[in-house]
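First chain written, first letter: the chains are A, B, C and D, and each begins at residue 1.
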């Protein structure tokens, strides 16, 4: 019961702040709202008995990625003043588009038979525990795991190369 | 209605978040906010995966989420670097200014 | 095993040829083509002594599924493989080295084409068939585009390629449809596809048939899809034109026999009446066009369409059993006879058109023109060229005691058997054939000279290139029984 | 017997191969010797066969050419009285003409080629008459067409000659097409093309089918034997060397059609319609060609039209059912027409190549042997009593009268035309004053012996050839009929000619009267002519221009085909069919250039489109599929 209330509360938080992310003028605010949304989602992970992921969510998204965003925004010294705006017509069309996307998704879902519908809570499954995940990750998925580390490495190098101040590798200006 | 939570609720939640993300990409021109919207969409998908994984009792979904997060991190690192480059060159982070790649 | 070697050897030597010095190109091509000639002779020996397992190449596809024949030298393809490997040494000898740049690439591509052609006629697997079909096409595109004559060779070659590729893709759709229907987990060999294809409903068969037919019509080519051909034949280096008209065009007929007649029998029988009308129209249409062409090679190109359309008409006249797989494909003995006639004519036409194109090339080399209005009187003072030309021409107009007659007689008989009136109409082509071929002969060899002079005769080497072809034309006409044992 | 036959057939092939392959290394005389010897061997073999051949004929098989499921073709020959008779004519006259050619072609550098072609022709012709199936006959049929093509175009550097050769081949091909169709129909009905199925009373087909088969076969005969409407190639074929005209276009090849019909007489009698049709075509041709011949000035053209006309007579004989009479006339015609052509060749030789009779005259003194032999030929063809031509033509006329008096009167007019134009030719050539140039007169000389010897042999044959079948009126005996009776069923003989004795006397008397009148008239007209007009006016002008048939054909057939060809290639193929392909290409280019503007570089726009597309696809699935 408590979990049910918690879910609705977290869902409300997530959606509310997600909307604020999109509609707030200032990118810094957007970023902070996004952190809150991430928190809400992490909460949901806890509800779903996926504690490891919840922790990772907090560390990676709220911790690492959002900080990266904030740094970038501050580095570029952005604020609501120089925020580019789109015309209202485009906004209108976009809203219609996004809305109808939601509508269609929902309709599709309504028509889909999801089979027997067990309650989500309480959740007896324990595979979200770090022990279980670790076993799976380092046995069945060990190769993708190693590959992903290479990806991280490459993206690291890519970011460094791109972010370097070098006039010569600057294709747009020349 | 609010008594019990089924998988449907999670799907609705994920869909709503996803569509908000789509809306964000559509109505904003700020490249960084665009990026955030994309993160939002990724997260909605993650949520869905975890929900199903939890329901099915299969750890594969959570492993996937784990990988997605990693990829997202990598992507943000590179993407933000690109945005910085873009800003450095055009003095703007308006995504509409980056329209050189056309016919 | 022989079948595998017949693909591997040209492939290997073709690729080797890319990495050697330019002057070695022809030697390598010659070695390769003589090796494959030897192989096909061995193959024929085994064929006559009924040791088919030495000719086939099998492969264990999956652990528990046993053997599958991937390549097989025999059945329908034997005659065409024989044709390919018989005339390839001649074509290689015929192609002069000093008139082309980067000869080793030229010959390498030519050998790749040979590998593709051999493969098409031997493949026992649809995907393999498709791969070889394309392997024959791509080198042709490059050969025409790079070594062709005239300024617009790139455009001509592109048209050829786009046209053929278009057909190939339609065929690919058909092949995929068949594979899907055979069950995705099943092997894609002809046996499976054959059984699956026969289970399709009539409307499905018709649609798939049309897809295949367009591809093969383009390849042959048949009336509405022929416009790439004449220009391509005139533009391509003559050795490549020979390969295209003598062998590649036969891929179309072979494909129709294989896929449309054998696999999609029901669809084919439903389309037969339309196809035979189209084929007859194509025969006469191209024959009429050939009458007033002024370019030597154009006449040959259109005459080639006309002959192949007649083959198509005969194929469409076959009386087939549909439905039950246990029934024999042909309703009566006459069908088998017609099939033999078709195969014989495919073979004989390949030889004849190769000879005629060689003569075209020598005339062009000697007189520096292909324009009929600038020729005339070339027979004067020559001994061998008029004879060679005449023999080939007689084969082409199906004069008795040449191989062309045996083929055309059986084909015309088949069409006549199908319907008196259609048979009567299509037989007009033998008159028109005489008209345009004799006009060709007369404008070039007889009469008085109209501009470009052609002194000298064929060289000794050239004689020895064309003599085997002439011998076949005559032997095929007098001892067709003897020739037949190598074809079936 | 097998060996003899093999030798008979292969000797010309050997001659052809030697002369064809090594001709350039042989001297002219050697080529001629080889060529003639080959035919002499054939001739001797034919004579040897006469003794051994059984009455019912014997089928000799060498090997199997093609054996398929529903079609079998043997290299087998049927030697019976009919084929033996034809083979004797072919090899006999062929040999004489080879001999003659050795002299006639002596100045030509392509001598070995000429003899090679002639030998090939004899081989094809033997195949035609000796083959045991229609397929083999067709082999020979097309083979002789080819040789005719090669020989007409022998002097190929002359474009007109080459054209004539092509015309001959193509017109023959039209006939061959009919023959081929007839063969297919025959094959379908009887399951075999072998003559063995041709047994009277055993052909179980409807009369309609019989009519169809026979008409198609007759189309072949019309092409090969130069009947209306396919005769125009024969006069043009005179472009070839004169021995060729004698051998191919008078004595042998053009009679192939007659032989074919006689060979398949069992089939032809089943269709009265076809028989009637053949008689009509034959008669029409005889008259038509006879009228054209009246005002021709080229010596060979006159003879050519005369050949067409005589062939018409033969077909008339066949059509009225007198098959052996047709064969008889074929034989006698072979003698005297070969003689006439060779004589004409001798005249041309003497006149240094001049062929126009308007430029001749009074030649009887300078070339006496030619004159006398030629005269015998003329007498034979116009039917001076008891010459071979008289006997055979008389027989055809008799049979025609039994068939229909109307046809008889028309045929008699045709015979009268023959007398007129032949006498005109004779008088203009050999009587009166010389109208040529001075140089021609100086060069005039009698031909050498190897040219005159064949003339003399043929002259003898032209006279005595008829004696084998003198009418019973003159106490003759139909030896030929009897000889051919195992093969040919002579219908007229069945009817009997007993009641016609009075008519026969009347015919004989009439012939003599007409002949005398004609001699008087033509001698008056042409005997002492100082000059001959080259152009005629009025109806004679129409005749001189051969009824403008060539022009009409040209206008009705040749030009339209050429126009269609140009139309198809320039307009339909280039503009419409290729245009379609071109338009497809253009459409792709156009759509590419147009659609690329959608690619405007705005990421937001792309994303919007993507969302819309997703919405649309999902909505479509929701509304129509689920």
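The definition used in the following text is that a residue touches a chain if its C-beta (ideal position, glycine included) is under 8 Å from a C-beta of that chain, and two chains touch if they have at least 3 such contacts.
These numbers were taken from a predicted model, which means no experiment stands behind them.
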Chain whose Cα centroid lies nearest the overall Cα centroid: C
Contact-richer chain pair (by C-beta pairs counted) among C-D and B-D: C-D
Whole-Å gap between the CA centroids of subunit C and subunit D: 37
Computed distance of Cα centres, subunit D from subunit B, in Å: 92
Mean-CA-position distance for subunit B and subunit A (Å): 5
Between subunit A and subunit C, centroid-to-centroid distance (C-alpha), Å: 62
Touching two or more other chains - residue numbers and ranges from subunit C: none
Junction residues of subunit D - those touching two or more other chains: 604, 608, 611
Residue list for subunit A, restricted to those that touch at least two other chains: 86, 90, 93-94, 97-98, 101, 105
Which pairs of chains touch, using the document's own definition: A-B, A-D, B-D, C-D
Subunit D-touching residues of subunit A, taken from the complex the two chains share: 86, 90, 93-94, 97-98, 100-101, 104-105, 107-108, 111
Complex interface listing, subunit D residues touching subunit C: 20, 24, 64-71, 138-139, 141-143, 146, 149, 153, 156-159, 162-163, 166, 169-170, 173-174, 176-177, 180-181, 184-185, 187-188, 561-562, 564-566, 568-569, 573, 577-578, 580-581, 585
Subunit D partner contacts - residues on subunit B that touch it in the complex: 22, 25-26, 29, 95-96, 98-103
For the subunit C and subunit D complex, residues of the former touching the latter: 159, 162-163, 223-224, 226-228, 285, 288-293, 332-334, 336-337, 340-341, 376-377, 379-380, 383, 387, 394, 399-401, 405-406, 409-410, 412-413, 416-417, 420, 423-424, 427-428, 430-431, 434-435, 438-439, 442, 445-448, 478-481, 484
Parts of subunit B lying in touch with subunit A, wherever the complex brings them together: 2-13, 15-24, 26-30, 32-33, 35-37, 39-40, 43, 46-47, 50-51, 53-55, 57-60, 62-63, 65-67, 69-78, 80-90, 92-94, 96, 100
